[in-house]
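Paired with chain B in one complex and with chain C in the other, chain A is shared by the two complexes that follow.
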Partner chain A sequence: MNGFLSLFRRLEGPQTVGRGPAFWGLFALVLAVALAYPLFSDGYTVGNTVYFFVWVFIALSLCLIWGYGGSLSFGQTAFFGIAGYGYGILTINFGSAYGFTLVALVAAVAIAALFAVLLGYFMFFGRIAGVFLGIVTLAVTLMLERFMAQTAGPEWHIGAARLNGFNGMSAMPPLTIPWPGEPIVLFADVGLYYLVLGLLVFVYLALRILMNSSFGNIIVAIRENPERAEMLGYDIRKYQLITFVIGAALAGLSGVLYTVWGQYITPSSMGMTAAALPLIWVAVGGRSDLTSTVIGTLVVLAAFQALTIYGSQYALVFMGVLLVLTVLIAPNGLVLGVMNWLGRLASRLTQRAG
Partner chain B sequence: MDIATHVFSALYQFGDAFAFLVLSACGLAVIFGMMGVINLAHGEFIMCGAYVTAATVHAGLPLPLGILAGTLVSALVGVVVELAVIRHLYDRPLDTIVATWGLSLIATQGTLIMVGSTMAGVGTPFGSFQVGDYSYSIYRIVLFCAALGVLAALYALFNWTRFGVLARATIQVPHMAAALGVDTRLIYSLTFACGAGLAGLAGGLYAPTMTLVPTMGATFIMEAFVTVVIGGADVFLGTAPAGGVLAVVKSVMTSWQGQLFGQIGLLVAVIIVVRVLPKGISGFVLRERT
Partner chain C sequence: MSLLELRKLNKHFGGLHVTNSVDLTLQTGEIHCLIGPNGAGKSTLFRLILGEHHPGSGDILFAGENITALKSFARIHRGLSVKFQVPGVFKGLSVRQNLEIALQSRQRGAELNAEIARLLAFLGLESEQAQIAGNLSHGQKQWLEIGMAVSLKPRLLLLDEPTAGMSPEETHMTGEMVQRLNADGMTVLAIEHDMAFVRQVAHRVTVLHLGQVFAQGSIDEIVADERVAAIYLGQAHA
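Here is the complex of A and B:
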């Protein structure tokens, strides 16, 4: 019981922005609004919000690996794609009866994590760091995209699931929860919304706890100075590999939920553009903080969608400009900058009051 | 079919793969070796070179002049990019990757908006010749010679010119070079322009052999990255031997199982090499020498 309580104490700490009653009050308010949101909105808008939430997981995975761990990985979309295809292949072969879709969700995430163990072993135990890490992960991602894009012929199938080349897989069953009487099918509206929201809150809080634990502190110490962390007796390769695998699992979760949401997955979800987008959300939000990443991702995604509606072809140019300007002007991220400023303002006000 | 035709066919494929790897990688390698910066917009500089080449050829210039124009325009764009963006990020290599990726997005999408989804190509010059039962393109031989020529020219530039001496001094100890009066910022600008120009040259040389689309850069960058990762920071001790080794892997895998497996072979090679030689071939050679 005591150990369980001490976990909750880790919700606040040096590695995450936001503490005290004001922050958690706001958090509860936002959560309450999010819970009530489907009541005064239509199915389509709720489905669209689920789409936004789905991407937050991959953004959090990049935040973990890049922002906290200091290893720039372009390969998050590879894990996204692997898990997405994994879910499709499993459910098309075994159907959705007896809650198998949930098993497939876990299995697909596990496949992505296993792939990350393999790739991460070669990279971190080969002591690749910095720019090389980025290049190797990017090369893997592009390779996977090319591989999946050429699987158009009927000879490319796993069991009953055709891979379908550039058009990708579709028509996999949605998540289904077995229930006495009628199984609950989670289509891309209210049902899926609550599931994804629940997962999101869980992952967010769990990552806060993880980052403020001793594990998180070691990860940040490795980012700040790998040699020093090693001299202090930590096997940095092991810690980097674990971070990488956790990140890959989160990216995989994102991929499965995406596949579930739209009931399709294509090779272009692993392409150059797809790989660039999470990077933009995380960089603009503030890569070294979980809360900033979540807010930044949702804001940039909403802006991107609005831009796509009004000037579809210019949206990507705008995203590129946004990324370059963020790196040049606010390297720590725009949302994080604003949050730090608010924090300073609040502490100044409380000092004056006291 | 006798053995000589087989040998020639294998050599031809090796030469083709070698030329592609070296030409697409050397611009990236020059910039990386100099500044430790990976230019993710490398593919877009290649695309720029190819587009300018095609446009000038359509305007009536002969192909060699078109390639020259493509090279120069890419180098100029490189100067502009260096002044506007890269210059401010030298102490943050990871951020440079991110920023150049942003540039690559802008360039790809901007080209799509301005030029359209495809551009009329340039015919492959010189025709072909026959050995045994197969016909071979003469232009591929020209490309192989061009790759060797680029390596020779880079060797001459870095070893026999004043710029080369200053550049090598800046690579070794930037602060010392600056203290001795070298304008390191100028050297960085020129090196970046040189790398961008080499990318443009690769684009110009390959413009007659491929479809011109805004995303064509992506077909080059994986090979370029892999070659630079395996080669390490030095163009001559790294990129050239890495190009040789990878060309063997690629041509053998390609003729055995097809183009895709050629690329998978490259990827597996790079993952194994980084595990065994983390600093690439040039790091290995340099450590052996000291």
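Here is the complex of A and C:
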């Protein structure tokens, strides 16, 4: 009981912006709006919002590994792709009866995490850090993309699932919840919306608790000064590996949800552009905070989509410009800068009132 | 009884013989100062003791155990702790959080808060506890890092130039801090250029020169040694 309460206390702490009744009141308000919104919207728009939400998990994974942990990973889309393909291969082979799609979701995320254990062990216990970590993870990602892109021939199949090369896999079953009478199929509208929203809230709050715990303290300590952290008696490689694996699982969750959302997954979801975009969302939002990462990702995604109407090449150029502006104006992130400014304003106002 | 024993320790950086067959024994309970000109290999010796560098040959014994092959964090668990030459505080985090990170593996909750308060008072950093460590003065950073190193309650405390950048008064205070820790049973090995500090605290002094143990003795014997004065020629010393 006591331990349970102390978990809730960790929702606030040095590693996360936002505390007190004002913040949580706003949080509740946003959540209420998010819960009510499908009632006032159409299926297409709701489905589109699900698409935005899906990407937030991979952004949070990068926030964790890069923003808090200080290791820039280009490998998040690799885990995204592995889990996406994993879900496709499992469900195309075993179908969607008896709630198997939910098992496949968990299994696909676990496969991505397992891959991260292997890759992470090799990197962190081999003391690969800094730029080299970025290079290794990028190389792995692009290798996977190249590999999947050349699997067009009929000999490339796992059971009944053809890999289909550059065109990717499609027609895997959507998430299906077994239910007496009729199973509930979560198509990419209201049903999937509530599931993904629920997962998002859970992951966001769980990460807040994790980062404000003693584990989170060690993670930011490693970012600030790995040598000092080790000389306080922490086996930093172990903590880096655990962070990397949690991040991979989150990226994998993104990948599975993306796959069930559109019922397809292609190698280009692991390509150079796909690998770069999450970096931009997170950098623009503010990589060192969970809330700014979530807000930044949603805002930039919405802007990106709005611009894509005028041509996707312009939208990509805009992304580049946005990244450069961020680095020049607010290296810690535009959204985080605004949040901190609002925080200072609020405390000044309460001071004056008090 | 000896706490730390270095036996025929050697380390090369390319062609540079930075640690040359070093034998050094620390007695439990002593304050031992390591001096020597710039580039003598003092910090490198610390890194060998801590396992950040691995010796080409030789052995490191701590409390009778051969720790030569142990990882750094495991050596810390055995009772070693260090303050680096360049202050290694967590710059982006608050002073309080710096101490919390150092202490959290041994204490929790109210006990942890009490220990942090005690350390802040010991270091004279109470009013700075909410500040970002990167904003502290150089001397304050040194103290904070000493505090983090001390908080592990080590059997052997390694201090690499603990008073660099401090005023004579601050240096003296640091000396008193070291003496208090030593009175509580901590063995101390300190690298220091400030001879006033060495005179204040050292029970024994070892001079390192070109990677070799050049001389050893009390501070008076070392200061009287003309060979030692010769290697410091051109450098300020007491």
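Here is the rule we go by: the second predicted complex is superposed on the first by the 353 of 354 C-alpha atoms of A that agree within 3 Å, B and C clash if a C-alpha of one lies under 4 Å from a C-alpha of the other, contacts with A are read in each partner's own complex, and residues count from 1 in each chain.
Everything below uses one rule, namely that contacts are C-beta pairs under 8 Å (C-beta built on N, C-alpha and C of every residue); 3 or more make two chains touch, one makes a residue touch a chain.
A quick note: this is a predicted structure, and the numbers were derived from the prediction, not measured.
*Asks:* Scan A:Ala36 for contacts with chain B and chain C and give back first, second, both or neither.
*Replies:* Touch partners of A:Ala36: none, neither chain B nor chain C.
*Asks:* Considering only the touch criterion stated at the top, classify A:Leu72 as touching first (chain B), second (chain C), both, or neither.
*Replies:* So A:Leu72 only meets chain B here.
*Asks:* Could you tell me if A:Arg127 is touching chain B, chain C, both of them or neither one (first, second, both, neither)?
*Replies:* In the superposed model, A:Arg127 contacts chain B only, not chain C.
*Asks:* Once the two complexes are aligned on chain A, which partner has more residues of chain A within touching range, chain B or chain C?
*Replies:* Of chain B and chain C, more residues of chain A lie in contact with B.
*Asks:* Which holds for A:Pro14: it touches chain B only (first), chain C only (second), both, or neither?
*Replies:* A:Pro14 sits against chain C, while chain B stays out of touch.
*Asks:* Who does A:Met231 touch here: chain B (first), chain C (second), both, or neither?
*Replies:* second
*Asks:* Looking at the overlay, what does A:Val324 touch: chain B (first), chain C (second), both, or neither?
*Replies:* A:Val324: touches chain B, not chain C.
*Asks:* Which partner chains sit in contact with A:Val140 here, chain B, chain C, both or neither? Use first/second/both/neither.
*Replies:* The answer is first: A:Val140 touches chain B but not chain C.
*Asks:* Would you sort A:Thr273 into first (chain B), second (chain C), both or neither based on which partner it touches?
*Replies:* In the superposed model, A:Thr273 contacts chain B only, not chain C.
*Asks:* For A:Ser214, select first, second, both or neither according to whether it touches chain B, chain C, the two together, or no partner.
*Replies:* In the superposed model, A:Ser214 contacts chain C only, not chain B.
*Asks:* For chain A, give the residues common to its interface with chain B and its interface with chain C.
*Replies:* Correct list for chain A: none, the interfaces share no residue.
*Asks:* Of all residues in chain B, which touch chain A in the complex?
*Replies:* 32, 36-38, 40, 85, 88-89, 92-95, 97-99, 101-106, 108-110, 112-113, 215, 218, 221-222, 225-226, 228-229, 260, 263-264, 267, 270-272, 274-276, 278
*Asks:* Residue numbers of chain A touching chain C in their complex, please.
*Replies:* Its residues touching chain C are 14, 214, 217-218, 220-221, 223-225, 227-236.
*Asks:* Write out the stretch or stretches of chain C touching chain A in their complex.
*Replies:* 50, 52, 71-73, 76-77, 81-82, 84, 88-94, 97, 100-102, 104-105, 145, 148-149, 152
*Asks:* Would you mind writing out the residues of chain A in touch with chain B in their complex?
*Replies:* 72, 119, 122-123, 125-128, 130-132, 134-136, 138-140, 142-143, 146-147, 150, 271-273, 276, 279-280, 283, 313-314, 316-317, 319-324, 327-328, 331
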